[in-house]
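Naming follows writing order (A, B, C and D), and every chain is counted from residue 1.
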């Protein structure tokens, strides 16, 4: 169900994003570099970095919620700490605190170049839990 | 130069995003709905909403900086306040405070359906000023 | 009831903070300079600035909720845009979006010196609505 | 010099806050419960929680900067994840990323009751580096 939800996200599919790891309370997403994820200097776009950070935190939360309920992003805050230079972008999300109505998650995003990961963003996020119909 | 920078952003071009208004300290960006900007329920994806909010705040700042300098996003925080349901997404960014090194901006994002705008996100952002080489 | 809640906040009372205006969806709080609100350069402390911003956003929300329910801060993000230099600190909060469970507010904080207000901080906040017992 | 700066903060001194640990890139601050740090339910005030989180992230950064330079808070975002119930509040800050101009830090805040720590807040912060005159 989690994978089904992920694969139904047109924006992530258009970028060829993949769920590369799911464990209880954690999630990893990666995507390859392409023109469709680039900014004006040929690096990964900050919006793409934000999007997979948001998704990684959200699906990390969903590992603890689905199939009974699922979450929606209420808000997130992201620091871009280095340019996203490389061939692959990896986001690792984890749950920091669960509640009945709100979940707090975080994610780190890494750009991979020549097989070496460099931290490029750090996110903190609040998710809202909704019952599945 | 600002438009040139905007049009060089592959991620925004892949979505057919347009700079629809630029005035000193303010900027408006819009983009049409398509599968490439959708999430699992067929609405505008939260990451897309975040991306154009970030871009709107950034280009609002660039109106005051270019061509002498330009800005990079240091961080942003966004609240998603309603689902992005509609045919068009519009982000309006404005500068709240300028400094020599940091600029603080905000943006509101609206989803347009049947010609009616609904607020779907509110962003607050810190940008870092860099000299153009 | 709102004033009663405000006056029961020991931290705000210790600083001699006052609710100087309440209208539906908005709230103003001010406090005088003293050693107890200072930082190492003799300005208003960033934590004090954050506290009254948070309180102003929270009580702005409470104007729409009390006495049926009230709100708790889920999270806030604040940009300090100038040092808090002056004899008085004023925070003005307003509600941006209300929901059944979450409210989004903002606040601006001003330092007043020689009768002139200078913007020193900008906050965006998410509040959680709880029923009053 | 770091301790001197800390002890010059009137707001923290008024609460009897203490620097309980300093190591390179990390810092711990604690303070005892009193009326001056309370909110309307008799718990630690959210503003106090935010203040010591901000200070813990800031002094964690200062451990890497002082005496050559020091930092000012540009912005922070904090999630309050549980009420601050207890006799002592402890904030632990650490540096996530250093740069020439900006430092990114985080902090966790715990309320201690009957000797047991409970996580009550999580913060992410951007600091601005300034040269000491």
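Convention: contacts are C-beta pairs under 8 Å (C-beta built on N, C-alpha and C of every residue); 3 or more make two chains touch, one makes a residue touch a chain.
Remember, predicted model here, so these are calculated numbers, not experimental data.
Note on connectivity: the fewest steps through touching chains from chain B to chain C is 1. Distances between chain centres, each the mean of the C-alpha atoms, put D farthest from chain B.
By residue number, the contact pairs of B-C overlap by more than half with those of exactly one pair in C-D, A-C or A-D, and this pair is A-D. Rounded to whole angstrom, the centroid-to-centroid distance between chain B and chain D, based on C-alpha atoms, equals 33 Å. If you average the Cα atoms of chain A and of chain B, the two centres end up 20 Å apart. Residues of chain B in contact with at least two other chains: 74-75, 77, 79, 126.
By the touch criterion stated above, chain D contacts chain A in their complex at residues 77, 79, 81-82, 96-97, 99, 104, 106, 119, 122, 124, 126. Within the complex formed with chain B, the residues of chain A that make contact are 5-6, 8-14, 34-40, 45-48, 50-52, 54-55, 72-80. Within the complex, the chain C residues that touch chain A are 74-75, 77, 101-102, 126, 128.
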